[in-house]
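The following pair of complexes shares a single chain, chain A, combined with chain B in the former and chain C in the latter.
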Partner chain A sequence: MAVLRPFDKLPKLNSGVLLFVGSDEELQRRLAETILQEKKDFNINIHLATSLPLPSERDHLRPRIDLVVFMIDIKSKYSLKNVETSLAYVDASYFLGKVCFLVTGVGRKNDCSIETNAVCKLGEAYCSPVLFCELELEGVRVATAQRLVRMLGICAGHIPGVSALSFVSLMRKSNDD
Partner chain B sequence: MQRRRSSKTPKQPQHVQHKNQTDLSAWRKGGKIDSEKSLQYNQSANDQKYDNQEESLEQALSYFGKVQDCVAPKKNVVQKHLDAVESTALKQGLPPEGFEILLNVALSGRLADTVNTQLLKSLIPASVIPENSVVTAVSWLCVSKCSGNIQLLFLKWLITVFDFIDHKEQLHALYGFFFSFLQDEKLCPYVCHLLYLLTRKENVKPFRIRILLDLQAKMGMQSHLQALLSLYKLFCPEQVTITLPGKMKTYFKNSEGPWKAAITAVRQRNQGPSPLSQAVFLGTSQPQSRKRKWNAQLVIPASSTNTNHLEEDREKSCFYLHNTNESFPVEQLQTFPQLLQNIHRLEFPSQMGSVLTNPLLLHYMSCVKDESIYLRLYYWMGQMLQEECTWCVVDNPYEEEFKSFLETAYKAECFLQEGFSACEEFLYKTLPLWDGFCCRSEVLRLVSWIPLSSFSDIKQYLFDPLAQLFFTSSIYFKCSVLESLKELLQNWLNCNVIQMDLEISSGNTTLSGLVNVVAELVDFVGRISTVALRLENNSTFLLYFILDFYGTVCDMYLKYNLPLLIMPPAGVFYPALLSMDSVNLNQLCYIMYRYRTNLVAAKENELSKKKILQFKFSNQTYQKYNQYIIAMVGCLWTSSAFQKDIHPQGLCMDDKLLSKTAVKELKNSFNIVYHPAMMGYSVRFLQQICPDDTTFNFKLIKGKKWDWYLEYLYTQGLKGLKVFIESSISRVSQAARSKAGNVEA
Partner chain C sequence: MAALTWDMAPARAPTPIPAPAPAPAPAPTPAPAPAPAPTPAPAPAPAPTPAPAPTRELELTPASAWSQGGGGSYGDVSVPTLLRLRDRMKEQLAEYETAILAGQENLFGHGIEENFIQSATQDLERDIEEAKVSFQNKMLALQRIQIMDALRNKFKQDDEDSRMILETMKHIVLLSRTIIDYQQQVHQKEEQLINLKRERLSLKKRGGEKLQQIPTMMKRQKEKQASVNVIETEKMLKKLEKERQIITIIKNVFQNVIIGSRVNWAEDTSLKAIVLQLEKNVHFQ
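What follows is the complex of A and B.
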């Protein structure tokens, strides 16, 4: 089926695969380029998509995806709706640490049309961390890229002793305890 | 024209003159420059345009000065001058002389509303705005010759450029006039904002309070009225008896309009300081006040002669006392003795932000018990932080300015040794949105001054966003966070010590509340350190910062008098014990020594029943300490760590597994000679005692040589190891050891 599953393919040696899902293609592309310029110990493959499900014709060519990043633009209600519909096409076991929400555009507080509260609730409902950033500023873009690379390394299993699930449970809100 | 050119055009004056001399066509004013000419002509054209602008501004100003007498001003002439004013204003700002003329025209209602609007929108100051122009403008306002929209626009402009007005004494005198405008519904919010900036204690009068309450009854609960009432209440709480809701975040709508962007653009072009630094410094530097300083000198001796002549002339002294009711203008405060002499009649500047850079005013702020000062300061700081925050406002190019503003706030906090709640709220609001990169060290330094309170909001607002950033960021970020959390802990402990010494009971903080909050912080750091060591693969650099934090934690009982003792988690202890470098091992030894001292002192106090302890350290703490100490002694001295360690997350291994390691002489091979961190020292030592021996026979280090080895280690700076061994390890006597031989080693 068209649902993304985390374990139905074998992993490649010394690599990590990232999938961006979001309505703003230009921003995805810029962030992907910044990530690829980062210094890293393993090979990174980045796949870009505007929504899920991914086209099934190329399914056999696609590698196993280690981390899915849903990009939400705080200025556009459509991007949030897009992400919400795409979430249905992700298998539940991805939400054990291999999904993250990236909210862009926080630099323009006056133009935001969705509430940060709504996104945080979405993150809590799906047990995944929510990162905020402003990708138009170059320094922030580089810093966000570095954070995503670190998360990807953990999700792809490159850090001994730390699994994706244990990592994401560290970042849960303390009032859930 | 030549004269002006040489003073106004710094670039290539010679060149331009030369060109003008050789080419007659360029002599024509207004520059009918042939566009086919080369680039140099374009530059001269720019210079000419510059001069044309200056001239056209002067022409415009002189025109507008005379337009009152004109019967019917011609539309295109007016428009031409308007455009000249607007273009100069947007490029470099208007000179101070221009304001009076233009304000007069705009507010007199002589010309059409569109003209007045355009004029008001072009009032961008290049440097300062003279007070007289504003006073004249207000007089026009009172006559109401201009339309309501123009009045509104003028008020908005006044609020925006308030900091640029050079003196404000006459404005303060006009307080009553401004107050009368409150009755106009449209103007009311802006008038309230202006009054908020102008209000001083002497302005709070009962009739004004009554008017405000009537307005509130008529118009309902309006945030701007509430703001003014809360300020009045702070100045004179006994006169405002109604209850007002607590702190509101924003009282006034942001009414900056078109001027703010233009002002920042002009500042940038003139390469002057940004509005941020302008606001901070404006209150303190007053170059024109030299004349008034002499007057001030005359007042001070009057108060001193007062005490001399007190017995002689009562009436005279009363007169002098009455004189000294005047407040001492704060711009003239230059030295500490002056502060002490005038401390009873100092008045804070209307721009509260200037307090941050003035140490004398900070001294004054720390001893005066006036809530209104803090309210004004926090309101201004909160606004500034919110508006200029560089990662929340993308169009703000002034990252350096914002950084230095955060730095100034931090320095003021260090000076006063207390945190500002405005900074605390700013951190809680923006940490979830922070990327960990912008202004990193400044923000983390502000984190270290979060005030201590026994509410556990801190978990939700500080720990959660910080944890998310911590785990996903680089090792250097992790170390910076650990350092700032250590400083936060120290600041809290110091505050607590001071409060207990002075026996100040502050609100809701009880001892148990404090202990809980501190315990939460230490637990939080313990948890994130454990994970961080795993993520960074037990990096030495990271471990150094973690042990630095626990260096403060271990001494909380004896040094800071707080009845709390928390052992480091196993995830920190064991990586430190088995670390590859001696610095961390040494630090760990020192920490364990301090834990022992604290525990022993606590036990003694408990047993002697000298102080009735509210808190007893639970048995669990002692148990955990004992487990750790067994592991440590086993690792460093007796080679028995693998057999004797009873900690559930410890080093215990059964013999079969141990024998698989194929280490010869298990009973002797795990101590400070063979420890990976100490190998370097033992090798060096062997080289010194047996210089010719190339095979490193570590078994030689026993008996007397063991003592020499210990002495050698102590001389290498391992003081922590020294105090640990002397306190925690009881050694067999000299005689017994020489008989036993191999037992020790």
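What follows is the complex of A and C.
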């Protein structure tokens, strides 16, 4: 089926599955490599895709996806459009904390084609955290990888007492209402 | 497209845990069926099919280094690992139960209005905030208790540090006492100030009232005097009237006496003058 659903399949024992959706494959690959080099105590599978819907031929091979990361490059408007069209193929129950927006390329200010305002509004509309990073820099890439590993651990249900729903409530600003 | 395999070890556990456990995942992993075989070849790396050109999916899986653990495909079965796995499975079970519950509730969603949902979410958010706040307060109280306990234990070992701590605490107590004294004085002075201000305010009010009363009283006095004048004039007029009437009566009596006595008053000049005068009417002058 075309729509990704979070609870359709059973989880594998002691593993977490991450899905990157974004138009820049090289960046995805590098970030994936950095993630795989992180210290962790569960197995991580990473799937890379340029857009949704995922090809349905491999549907039965694909495990349950725990965290979907949409990568937006701040230098290309096409990546934002791509992400927006892909958002339609994700089931609504994913947006309870299992989706994250990752904005890359923020190191260069003069090349921005997308406004951060638009991305932040997207994040608010979909109740998902927005992370900003610059994947060209080694330190930031490693830090982003650590954050994503932590989030993946929570979304996969590995941390008792903390579920992905807490991302939603932690994101509320204190000056709301 | 070449199959992507990455050789790496999860650095934490000394003997790693096999990834695809055949037991809890019955259906959806037929492809990694060769996985539980002792060969550590990473099974789930079939060639990624780029069939529809725009969406391509690649899969990166670390080859868990079973070879490092030496042989057995079941890897580490130590008690902590098993307990950790048990906790994780419990958490995942809780998540699935929540999802089922959420799915069930949607059956009655047709009749529910948006307002109801909004108010429900607001209530829940408020509950979350209250829970957070109470949790923070409790953590604060707990940490304070812990600090006091640590201090008490420290004092029991009577060494240099504890003496210094004791001195500091005594100094703190002294300063707090002086602060309290000064604050009491400030409080008293403020109260006096407030009383003074209150009195001044009441005085002002009374002065204002008096000023207002002055013109009214003057008016009243004028009126009184005017009325008194009026009364007096009326009295006088009445008296005058009475006197006139008396005089008229006396005159008439006198006239009649003279006429009745049949004296020829026209001959005597003084009688004539008197009778003529009696004719004049008493009138107002």
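The criterion applied here is as follows: the second predicted complex is superposed on the first by the 174 of 177 C-alpha atoms of A that agree within 3 Å, B and C clash if a C-alpha of one lies under 4 Å from a C-alpha of the other, contacts with A are read in each partner's own complex, and residues count from 1 in each chain.
The rule we apply is simple: a residue touches a chain if its C-beta (ideal position, glycine included) is under 8 Å from a C-beta of that chain, and two chains touch if they have at least 3 such contacts.
Predicted model only: the values in this text are computed from it and were never measured.
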Fit or clash between chain C and chain B when superposed on chain A: clash
Which superposed partner A:Lys9 touches (first chain B, second chain C, both, neither): second
First, second, both or neither for A:Leu61, with chain B first and chain C second: second
Contacts of A:Lys39 with chain B and chain C, given as first, second, both or neither: second
Chain B versus chain C as contact partner of A:Ile159, first or second or both or neither: both
Touched partner set for A:Ala49, first chain B, second chain C, both or neither: second
In the superposition, chain B vs chain C on chain A residues touched: C
Touched partner set for A:Glu26, first chain B, second chain C, both or neither: neither
Partner chain(s) touched by A:Ser169 [first = chain B, second = chain C, both, neither]: second
Contact residues of chain A, present in both the chain B and the chain C interface: 159, 161
Sites on chain A touched by chain B in the complex: 106-109, 116, 129, 131-134, 136-137, 139-140, 142-144, 146-147, 150-151, 154, 159, 161-162, 167, 170-171, 173-175
Residues of chain C defined as touching chain A within the complex: 6, 8, 10-13, 17, 19-21, 23-31, 44, 46, 49, 51-52, 54-62, 64, 84-85, 87-92, 94-96, 98-99, 102, 122, 125, 128
In the complex with chain C, residue positions of chain A that touch it: 6-7, 9-15, 25, 29, 32-33, 36-37, 39-55, 57-58, 60-64, 93, 156-161, 163-164, 169, 172, 177
Residues on chain B engaged by chain A in the complex (per definition of touch): 391-394, 432-438, 459-460, 463-464, 467-468, 471-474, 531, 534-535
